[in-house]
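Before any comments, here is the structure.
In order of appearance the chains are A, B, C, D, E and F, and numbering begins at 1 in each one.
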Amino acid sequence: MKIKFPWQDRPIDSDEVIWRYSDNPIIKRDQISTSNSIFNSAVVPFESGYAGVFRCDNKAVQMNIHSGFSKDGINWEINPEPIIFRSDGTTEIFRDYKYDPRVVFIEDRYWITWCEGHNGPTIGIGYTFNFKEFFQCENAFLPFNRNGILFPNKINDKYAMLSRPSDNGHTAFGDIYLSYSPDMKFWGEHRHVMSPTSFKDSAWQCTKVGAGSVPVLTEEGWIMFYHGVITTCNGFRYAMGSVILDKENPHVVKYRTQPYLLTPSEIYEQVGDVPNVIFPCASLIDEEADKVSIYYGAADTVVALAFGKLSEIIKYTIGNSL
Amino acid sequence: MKIKFPWQDRPIDSDEVIWRYSDNPIIKRDQISTSNSIFNSAVVPFESGYAGVFRCDNKAVQMNIHSGFSKDGINWEINPEPIIFRSDGTTEIFRDYKYDPRVVFIEDRYWITWCEGHNGPTIGIGYTFNFKEFFQCENAFLPFNRNGILFPNKINDKYAMLSRPSDNGHTAFGDIYLSYSPDMKFWGEHRHVMSPTSFKDSAWQCTKVGAGSVPVLTEEGWIMFYHGVITTCNGFRYAMGSVILDKENPHVVKYRTQPYLLTPSEIYEQVGDVPNVIFPCASLIDEEADKVSIYYGAADTVVALAFGKLSEIIKYTIGNSL
Amino acid sequence: MKIKFPWQDRPIDSDEVIWRYSDNPIIKRDQISTSNSIFNSAVVPFESGYAGVFRCDNKAVQMNIHSGFSKDGINWEINPEPIIFRSDGTTEIFRDYKYDPRVVFIEDRYWITWCEGHNGPTIGIGYTFNFKEFFQCENAFLPFNRNGILFPNKINDKYAMLSRPSDNGHTAFGDIYLSYSPDMKFWGEHRHVMSPTSFKDSAWQCTKVGAGSVPVLTEEGWIMFYHGVITTCNGFRYAMGSVILDKENPHVVKYRTQPYLLTPSEIYEQVGDVPNVIFPCASLIDEEADKVSIYYGAADTVVALAFGKLSEIIKYTIGNSL
Amino acid sequence: MKIKFPWQDRPIDSDEVIWRYSDNPIIKRDQISTSNSIFNSAVVPFESGYAGVFRCDNKAVQMNIHSGFSKDGINWEINPEPIIFRSDGTTEIFRDYKYDPRVVFIEDRYWITWCEGHNGPTIGIGYTFNFKEFFQCENAFLPFNRNGILFPNKINDKYAMLSRPSDNGHTAFGDIYLSYSPDMKFWGEHRHVMSPTSFKDSAWQCTKVGAGSVPVLTEEGWIMFYHGVITTCNGFRYAMGSVILDKENPHVVKYRTQPYLLTPSEIYEQVGDVPNVIFPCASLIDEEADKVSIYYGAADTVVALAFGKLSEIIKYTIGNSL
Amino acid sequence: MKIKFPWQDRPIDSDEVIWRYSDNPIIKRDQISTSNSIFNSAVVPFESGYAGVFRCDNKAVQMNIHSGFSKDGINWEINPEPIIFRSDGTTEIFRDYKYDPRVVFIEDRYWITWCEGHNGPTIGIGYTFNFKEFFQCENAFLPFNRNGILFPNKINDKYAMLSRPSDNGHTAFGDIYLSYSPDMKFWGEHRHVMSPTSFKDSAWQCTKVGAGSVPVLTEEGWIMFYHGVITTCNGFRYAMGSVILDKENPHVVKYRTQPYLLTPSEIYEQVGDVPNVIFPCASLIDEEADKVSIYYGAADTVVALAFGKLSEIIKYTIGNSL
Amino acid sequence: MKIKFPWQDRPIDSDEVIWRYSDNPIIKRDQISTSNSIFNSAVVPFESGYAGVFRCDNKAVQMNIHSGFSKDGINWEINPEPIIFRSDGTTEIFRDYKYDPRVVFIEDRYWITWCEGHNGPTIGIGYTFNFKEFFQCENAFLPFNRNGILFPNKINDKYAMLSRPSDNGHTAFGDIYLSYSPDMKFWGEHRHVMSPTSFKDSAWQCTKVGAGSVPVLTEEGWIMFYHGVITTCNGFRYAMGSVILDKENPHVVKYRTQPYLLTPSEIYEQVGDVPNVIFPCASLIDEEADKVSIYYGAADTVVALAFGKLSEIIKYTIGNSL
């Protein structure tokens, strides 16, 4: 039986490529009793529904990641306790903090990546077979790094990860790089993928850019949703665009939206712990039905959902490329 | 036949000098389909109604200015395409970006000034006779400069322009200066007009001030609405005041409001692409009826409208002067 | 006859230790006609009701403190004129600005402390017997300092004051100290009380902390509500916690909440002149009824009210201590 | 009789294009009794020798400009009193401070430009016929601007001035622009001339660049010495390069040295009020003898002299151009 | 028998009010084997010679203060071990670090003040009767503060201390204040004394000013040497001036030098751990002989000595006052 | 025949653990005609003498690395042309800039690491067998990183590299990490090694620390010279210390000098392109003779040499450990 796909048709009066779920946010800040906020979270199809890994900042504003489950991708049960990772044999597991997870199924298991505190943020890696037991591996990189996203397939027989080298604070720069690993332990062959734009070409992404959702392979290449940031006189504003990377050489950008696809304009995106943030972390695809659902954190406070047609998004990305 | 003046009487329960239009904002962020936001825009009486020049940031957040027309000053048709300027003989027209326009009729044509990107922001100048064909002239000044406002008459046989020298970012300082030109091409005789206040005297305008609307000549002198900025721990907040400049020597400030006239306190002023911004760019005057309508950008996202009685505003400015 | 205590029972669906008044904010920004905002204000039982000292920024955004009175602690009459202080014999009274008052009754009079401008912020001290005549004393400390809070009793025969040394701007650090005085004029015996936490232990209070309400003596020690600040990429966010100080040596922290008690999540706390601020300045206690009412400034714009049970707060503070 | 030209042959062991005078600095910091430092000064041939305008900071570190005279261009008599400027009819002369002068003879008189304080630095203009009486004109531009250099001829019948728009502090950016004036009073036709380089192309000039000496017309175009600045972890370092501008369109850069010509490496350039500064302000040319003498400020403290062969400098500039 | 006064006559070719000792620095950075640098130190007449308290940073660059002795005020024996302070009964002595001491004899003992680390710099106080045993008292103020200087007499029966409130880093601001204490334990009656100047009036002291030597009572008032700081593009530069304070109301400035008295211009002042620093900490006076010797730290590395005639310094201060 | 070891005995009057070469600097800034400066360079024994890799900034201040040779380790012939690297099969070699090289012999070849520009600094890797042909491999890490140092042996069958994650500018933080690689291509197993100290414990190394020389295995563990940085009000100051790392687990610090071993105090270390820098990049060891020679960059301008006895350095490091 096919899993129920989270979906809502485009509103009649809309001609947007991407539209929001009418009952956003789908996850409120206090959905679990200990949470200050739940946002920047990732989901995957799992068994007869969906599993997810959720960033839940508790009321001490300690950052951690929790598992969750849903039948329809919209209504979620989130585990009130954080995920407990066991070592996969690595001698040390660092536990400063964990945030902004992504999830992807590769070969035989679900890989989770996140921002791990190790005297500064870097990319943590773990896996699970069943979303019950979780194993943590070596961190991918040295600090300072954020937004590590694994490709869903090996490329040239190696794991491939996008990431955004940063610094130890509210980084005011950010390029996306690609790195490879033969074993998910040692990483190299680093390639530059994309930079912020100039202010005059596309100001919404002129301060920094970071990978968002796990790339999806299409005929045109790997399509991914990413966040771009502008610096206003009142701080950063995060919006979402899409990029298509070359199939064989995914550090080569083929197309990249000059306009954003989604920018903070609903109250739950404009008001919250950090105003004016749209931060995509996952997408679900129903290729047959040409449907895409995008999960994004809003205002660093809640999780929201947006929809689009895959073919239209590809067409728009190609037709509005920088 | 007299043009319909945009107006709403003061609410019965209000004793404010300036009051807002009840259906604000009059222009939404997405009034044209390609726009991210429409704000900081200027209007003038034109033919049997009004014409305007509108700052429309598109969805790539590229800044440009568009023409628009209205019968009543409230409901506007905005041209979905940016204004195309032809050179008036100048060898080069720069096109990095255009924003924050003002418009004024002098002698035989409508002059438009705006913030023009020329390796940094400076004051662009253009004109039109009919709001169909537009001509661009030499930039008035070297970078970095913003908020260039022309007086509606020549003064001592020269054009006169207020402006606010700045830097290349979210400038944390700003004084208003006056400059003269015999020919709208070469500028000199620069005079200092006004500075930010001290924190203790009038904190809402203690970081920077900038000219807003085209000055209007009254018996007391030139009255103008301007913006003042305070630096809070969460960024800048922009509010609006009024100033009366000397008739013959308009770099001399006669009166200047110590209190603001309008500060962000409606949700469309407090929430948006840049929270807490009121930025006046134009006023309309019906001197007979003693009516003033002020157009201001709100939250760097939309255009709003406010009203007042000219005589009261003058009296208030004199009575509450720094 | 007992004074009416401002109170509302916990909502049925809530299990929070602290809950908000359902008609918040209790004081609007324009409650007096000259005010831009009224917030960060303090109250005490007085005669058959309550008296308060209110921070009212006027429309020039000049900061001053006003007296006010209430029968029920919820509906307030605020004096439209600022408090006029007479010298208590000190040769000079400085009047740059006054903000963020606290009030406490000690022995025979009501002492008021506030942030006083003296070439930079420091702690002003004054007193009144009747909230009609007010006397100003010497400033407690050299600049730069804020959030001076007096204990309601002498300790070891000396007045005791908490404060937060700062700098002259939007200070990005802040520890709480305790100082003593034999005569409310000369101050010494300075002791360090508490610091911000590490980012990973309790991020909501990792930038700075400052004393909030006047400490209340309980069996466990002095309980006080304080503010903690985190630096987001869009500025500061202020939340509220509680701390219990040792009875005899009140510079010794016995317990301090790792989670916050209240964080900005209502629109009047998230949107305003400074978004995302909860700033407690006073509490009322009905020990018999085990009731606590906390007055806090919201978004640097209005005054709001929250409630809790004293015994529960103490238990929570002990049980969730850093 | 020909004026004695300040000169020293290239040291035998040197193959540098530019070499220093062996008795540098030629003007010490205390050459006049009231001075803290004398530097960044300009000279011209005058009568049977040379005249100069010198930046002398007095012992209150107030900046002003003084006249001086020399028979040989090396030994100078500097007037202990600052130049007194009379108005040339302009209504106001601003006198906040004056520094970094340049001098050029055009048509019938010696024009002096400098950095003039007018609520921030901008370009002051004055003239003299005899270095005894001095007249001050309108400032050329609005603040903030520095390093205004006039061309020695009118270009297309207009005066032409290079300048470097800046901000109000130790500006961390700086491009050179060209502006024109029909009358030395009103300025326009602003053109961008040159920017800092990228870090990897020529790091010594990657923070900012500013015009130095008055351009000299050669067959290849206008040659000028300029300063370029790099930001080290211990502040700015100023070095000197040369640029050749197009004859007819002097905002067009034809050649520009990728290597510097002179960088701080003598103790009087490396140690002083501001370490590591070489700041050229004037050059003398003996075209027949192919000799160039360059006057530069060293370490913001003294005046030094360097020499080169004009033909070699042109060849080097062309051969080592960016 | 009279103590030998450290002295050298003014050089014949000098007309300066202050002149340097020809064998400066008198104390080298490595005079004791464990020291990285010895600077910013204070001396007093003691028994048949002089005693001093010296800032010695050790080779871990830990800051501490050492005692030392001299017969002639020029050749010093410095104790290789830091001063050990015993508590004078205060419950706690903080020992984070100690630097920049001053010494003064009042009534019956030698009081030492210094910058004491107490979660940030503040003013430590101690005393000795014999420079063998040392006692530490309560810190005078809350952090952050530096350059605490005691007057040599009680004023109106109270101890009086100058200090410079600061922040926790390389403070970019600094005013001098005066505070009083009845008992050297509790401090109050804070008065503002002097601020930095404007850039145009006296740029060498436009960033911050701080008290230097212990004030000396003369007929004109209390004369004191202080440091003033300018911010160059390569950091701070410290120079020395003098100020005369009113006899009865020493927070009133009667005269203050617009020019500096001494600015870094010798290699040992310009080059060292922190280039371009002159930092006076003590003076000796031989009133009969009209001689003043000033001890100052140079380049945060060594101790140097300068001389002047008291009558001339007073005259110069009055004649060159701001 | 044994290679001549660069050496000078300790001066008779010295009791320092490390002493300087009396003819420092051994390499001047202009030793090759195209160089602006030569500093931060590394050497190894090679054939019958020594080979080195030198950072030579050219006169455009472009950074590159050059080979050089010496018979005695003191007098060097430096190749005027930069090293040309051929790809070892990697598809791309980035060439933005190269600086701060280190060299180490492992197994069969000389490995070179350096700071490589790849949209920001990271660690470049190359090798040579003969210092004639050079091959470049994949960069070790993602930007931003500096000071990559390889261990001279594999550890647990893997290459091991120390590095200092940084940002893209004059990084104000810096910890040393250790990473492993099975193949010099893919890197992982990142471990934190050491952080800056607190200001009060050892201020000379309180801003950042970075690995300097290739670690040398001794009985006590791996000894390495490193740089530590303090932030003064005039910028950074770099000094040198030593650290002993655990033999088997070299990310474990066994001993680390609280005092520095060498701090800028000679004129060639205090004055230059960047004042006050000592930056060790290599050491030579004659274990039999107990001699160590340390090569360090001075003032970012020249190369200098210092000496010590290995046994004494180890003893000092253990005896003066933090």
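Following the convention adopted for this analysis, a contact is a pair of C-beta atoms (placed from the backbone, for glycine too) under 8 Å apart; a residue touches a chain by one contact, two chains touch by 3 or more.
Because the structure is a prediction, the values reported are computed rather than measured.
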Problem set entry | Contact-graph distance - origin chain C, target chain F | 2
Seminar exercise, completed: Every chain in contact with both chain A and chain F is listed here as none
Seminar exercise, completed: Taking shared numbers over all numbers used, above half giving same and below half different, the chain C and chain E interface sides are same
Seminar exercise, completed: Matching the CA atoms of chain A with those of chain E requires turning by an angle in degrees, to the nearest 5, of 180
For this session: Report the chain pair from A-C, D-E or C-E that duplicates the A-F interface, where duplication means over half of the contact pairs agree by residue number.
Result: C-E
Problem set entry | Gap in Å, rounded to a whole number, between the CA centres of chain E and chain B | 54
Seminar exercise, completed: Cα centre of chain B to Cα centre of chain D, whole Å, reads 39
Seminar exercise, completed: For chain D, residue numbers touching 2 or more other chains are 234-235, 271, 275-276
Problem set entry | In contact (per the touch rule at the top): chain pairs | A-B, A-C, A-F, B-C, B-D, C-E, D-E, D-F, E-F
Seminar exercise, completed: Given the complex, residues on chain D that touch chain E span 29, 33, 36, 57-63, 96-97, 117, 170, 234-236, 271-276, 300
For this session: Going by the contact rule at the top, pick out the chain D residues touching chain B in the complex.
Result: 90, 92, 118-120, 122, 138-145, 163, 165, 167-168, 173, 175, 177, 179-183, 185-192, 195
For this session: Would you tell me which residues of chain F are touching chain E in their complex?
Result: 15, 199-204, 230-235, 237, 258-260, 263-265, 267, 270-271, 275-276
